[in-house]
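The structure under discussion appears below in the form of structure tokens.
Just so it is clear, A, B, C, D, E and F label the chains in written order, and each chain counts residues from 1 on its own.
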Amino acid sequence: MAFAATTVTIIAERFLQDGILKLLEEAGTSGYTLTEGSGKGRHLTRTHERPSLVRDFDIVRIEFIMLDGEKARAIAQRITSEYFAEHSGIVSITPTEVLRPERF
Amino acid sequence: MESLASLVSSFVAQLQSATLAFLLGGFLLAATGSKLAIPDAVYRFIIFMLLMSVGLDAGIEVREADFDQLALPALLAALIGCVIVLIGSVTLGRLPKVRREDALATSGLFGAVSASTLAAAMVALDERAIPFEAWAPALYPFMDIPALILAIVLATLHKRKSTGEQGGKVGVGAIIADSLRGSALSALLLGLAIGFLIQPQDLYEGFYDLLFRGFLSILMLVLGMEAYSRLAELRSVAQWFAAYAVISPILHGLIGFAAGYLAHILVGFSPGGVVLLAVIAASNSDISGPPTLRAGIPGANPSAFIGSSTSLGTPIAIAVCIPLFIALAEIVFVL
Amino acid sequence: MAFAATTVTIIAERFLQDGILKLLEEAGTSGYTLTEGSGKGRHLTRTHERPSLVRDFDIVRIEFIMLDGEKARAIAQRITSEYFAEHSGIVSITPTEVLRPERF
Amino acid sequence: MAFAATTVTIIAERFLQDGILKLLEEAGTSGYTLTEGSGKGRHLTRTHERPSLVRDFDIVRIEFIMLDGEKARAIAQRITSEYFAEHSGIVSITPTEVLRPERF
Amino acid sequence: MESLASLVSSFVAQLQSATLAFLLGGFLLAATGSKLAIPDAVYRFIIFMLLMSVGLDAGIEVREADFDQLALPALLAALIGCVIVLIGSVTLGRLPKVRREDALATSGLFGAVSASTLAAAMVALDERAIPFEAWAPALYPFMDIPALILAIVLATLHKRKSTGEQGGKVGVGAIIADSLRGSALSALLLGLAIGFLIQPQDLYEGFYDLLFRGFLSILMLVLGMEAYSRLAELRSVAQWFAAYAVISPILHGLIGFAAGYLAHILVGFSPGGVVLLAVIAASNSDISGPPTLRAGIPGANPSAFIGSSTSLGTPIAIAVCIPLFIALAEIVFVL
Amino acid sequence: MESLASLVSSFVAQLQSATLAFLLGGFLLAATGSKLAIPDAVYRFIIFMLLMSVGLDAGIEVREADFDQLALPALLAALIGCVIVLIGSVTLGRLPKVRREDALATSGLFGAVSASTLAAAMVALDERAIPFEAWAPALYPFMDIPALILAIVLATLHKRKSTGEQGGKVGVGAIIADSLRGSALSALLLGLAIGFLIQPQDLYEGFYDLLFRGFLSILMLVLGMEAYSRLAELRSVAQWFAAYAVISPILHGLIGFAAGYLAHILVGFSPGGVVLLAVIAASNSDISGPPTLRAGIPGANPSAFIGSSTSLGTPIAIAVCIPLFIALAEIVFVL
């Protein structure tokens, strides 16, 4: 049996990572998964192919899954206003399903 | 006239160095679209190795140092860091199409110090057999941190003024902590401490020093590649940044040289030390400075300050300023 | 023309990777994509920033796309019961669309 | 407030990366995010665990988000026909939501 | 009395080593939030280099070894590995709030062996010029594998008993294979084989041995950082694990030392070899053990066994046990 | 008869080398499912180090070279590259169940050159104290690029013919640029240029050359592991590819040896140079060739050309061809 849930994906520069993860934990997510990457937006091009002199501007992609869609949206909103008013980064929200609801 | 000739000839002679060849080579490889890339993990390891090596060496030898001599150069370094930011603020910052935040972030970066440039200067001095105080590389944080602090404080005050916002003190302590925690300064300080306390001469010579020049050559390759690929960022911002990035390292280096000369007269600071102070002043931070500035001046456009430092400032500091100030020292101090 | 399909995303520790990939191949997926990452759940914090003494506990994110949604769900269910009753890890299911159905 | 958007995920071998990213920029995406990975499809198995002698055959996962779903689909279609008729790789399209529409 | 004084003085003298300075430095860097990080790829390469080096050396020199001497220490090593698990099972395993699986996994890890600690001990012996049998490092798997097997077998039996589940044999062969396939043991065994068959003296001295101490210093940095950052895991489990992690390395080391002393009397096992056996016993597995145990005892909480070994067990083994057992050997064997 | 005996004995003697031991060791580790892995970043760094080292050495010494001698071997190298592709096209390409694209891509890869094999051959020559022209490694691109071009051109013409498609010229310039931009050739050429212009003897000896053999041993480990793990690809394609991969390196090497012998007679090409030419011919490209071919011949199945080269071609070139052609040279040139 699969249960409806919500995935929130946050793309940010690494130097925001610690703050975002702390916010997620305090906000009561049951976990998160992080992958490293590169990207391009309005500002810098970040690339993983050559050394990044400034590692802190690399991209991290953080995603968390939550059963409670409203709460997930509220967290997404909070991250957006606390971090992405001033800094680079984007947040997206995708409906999904999970198998063991007790884990989330 | 004669001294100008010998300045030019010493400068030209130094251009034939492996350090510059690798820097230029990296630039050309990137420009021709080569797929050669030094893995990021290796680059970060090299930075660690170089800074740990510089730190160990300084720590091992500092025991014999005469600490009276250290105070004045350190004070001068801090002053220079601040002066560089102020100069940037009243020159670059007043130019048309240049936003104040961008000017302050950029001059903060040029006031701060590049570990790579410092390492290259040490090798260049070694090659010309010009000695310097073992503790001279430890001047690094004394210039680096004040420059970053001043740039961030000025930018914050400016922002408060323009938004009419009130505010308490700017977190100077946080900026200092953030700087010291950066990977380059951490490695340097750890090396200093271990070198001083344990005196691991064999480990230093048999490993860290053994690999120093080789790793430096690879670092230069990386810096050259990065310089080319950041040119695109530089092109996206006002041309004044490019002009600043070309002229200011030389100017800052001259200020550093003059200050070092003062210390030479007052406390006997060595000619090699004077060169290092000049190069530290000429260099701009490439590792720890940018994130500190980005966090501290969020309104600044990174394309401006990273573009100008990485693509022009660093190559100028290494390829022009190091040979220039060594040549100058050879004349001034009749080496 | 886009065709409805199903993406299944499996987040697990690396030491389960071989088993999961084998299961996927036997179950008849046409392929999979894997990225490495880090994360936090009920147990360990895994991080990619410092060396992981124990690489086997790093996070891998495996995703496969299938046209047949029922079959994809069945595979997701099987992985959950075979691996995630005892071990760390989560599975999520997201509807998606693909362009060349003959590839899946 | 969240706004409907479309995520397009492109999985390709690294040697196609430059071409695809250029196409994305020309086609008017506001940005993209890239992670590196490995995978298996009809051809080669690519793995990140051992050195890949041939780095160019590693997998890159490129995703871009666009408000205009039709345009996103058109770009997905274009990439498919320009690259994936001859080369390895897949494209998938997922509905999503974003928080600050002016960014996309 | 006098020997106690000389034990203390030798112990204290050894604390001034680069190995410990880097270990402590790593811990402090992590504690102060430094961003310095040794890239994971470099860490894994260092492990390979150290184990390959140890293996090559042992393989090259083992040709001249007297194999009669090898059997007894190897047997003793295996016994010690099992005894450690049994002790853990009846002490840690009986304490309140400690789950049986967690106790068995933890004592399995402490029975198993750390390649890093072994390498650090070899350098420490070299520095004090205490010789040891070239094959002594090859005792590693003889203690490592039995400890892991016994822990997993006991945990499986326990689970079957408590769930009333029937079951065939536990896959001992699979555990052995899994251990031997781990990256550390693979490198050690490959080095042994190549060293023995090819005798690549130049390659060993000119590359692997050349870089040994330097890489060890960096590994210590990593272990120190990791120790700090795993403290959080340790805090999340019962305090008995912390107590076990502090006391048991010393206790296990003493058992190892006693066994080594027996081998010294019976077959002339060298004092350096005795120290290595003691340190191997005191150490806990940090690379291959954890995944083997996690797969073998899936019910065990990794925060318990990884927290206690990485954050306390390893630092104690390196910073306390190595100098302690060297000091002890200097007294017992009047070195 | 006697010379056959001495060929065999020299061949057998050379099998006891560290290079082969590491190659075989890597294969066995992978076959037994060992988790030991050399990190990708380290592998890529090693490739850079080896090629830069080869380039620097050649560049430093080429100043004294007699350039008349260079022209003929370079021309021969180019010819051999083309001949290998043509042979593959009329043998492998005519076999049942072998698609023309796959045959051309595979023979393009076998016509092209492996930097790793070249490095291994240089070490083997050093060990047998057989000198060669410093510029001989620079023959690499002269064979590599023509082979890749010819394979891609033939495949494109074939495709046009079979699809009835019209078309302009094939982009030969693009293929050349793509080859030169590959990470291995870029490093080699950069090293050549820097070596030639700057003559950084100390840097070369104190770093690049110092680490050469050690890094080569690790590279062999990687190649051995990769050989095993690509066997699965090879099994998925027609067995003719396996046969081709076993036989053709030896055949190509003989062609190379014969050509080198000609150059020996005509312009005094050294025996060591003859061996290098033979080995270059016997080797197949493992880094830059595959992506160039994949982009140039998109219809070719990478399992065919990568499977046959990585899992069989490279091991045969290193383990069979290097000792074989050295042994042959020792007889032919009475070394």
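Keep in mind that, in the parts below, a contact is a pair of C-beta atoms (placed from the backbone, for glycine too) under 8 Å apart; a residue touches a chain by one contact, two chains touch by 3 or more.
No experiment lies behind these values; they were computed from the predicted model shown.
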Mutual neighbours - chains that touch chain D and chain F alike: none
Chains touching both chain C and chain F, listed by label: D, E
Same vs different contact residues, chain B with chain E, by half of numbers used: different
Geometric centre distance via CA averages, chain E-chain A, whole Å: 39
Centre-to-centre distance between chain D and chain A (centres being mean Cα positions), rounded to whole Å: 19
Centre-of-Cα separation between chain E and chain D, whole angstrom: 46
Chain C and chain E, separation of their C-alpha mean positions in angstrom: 35
Chain F residues counted as touching two or more neighbouring chains: 37-42, 44, 210-211
Touching two or more other chains - residues of chain A: 35-36, 48, 94
Chains grouped in pairs wherever the two touch, ordered by label: A-B, A-C, A-D, B-E, B-F, C-D, C-E, D-F, E-F
Touch list for chain E against partner chain C, complex: 37-40, 42-44, 222-223, 225-226, 229, 232-233, 286-287, 290-291, 294-295, 298-299, 301-303, 306, 310
Contacting residues of chain C [partner chain A, same complex]: 11, 35-42, 48, 59, 61, 73, 76-77, 80, 84, 90-94
In the complex with chain B, residue positions of chain F that touch it: 39-42, 44-45, 48, 177, 180-183, 186-187, 190, 193-194, 197-198, 200, 202-203, 206-208, 210-211, 288
Residue ranges of chain D in contact with chain A within the complex: 2, 5, 7, 21, 25, 30-36, 65, 94-100, 103-104
Of chain D, residues touching chain F in the complex: 13, 15, 43-45, 47-57, 86-87
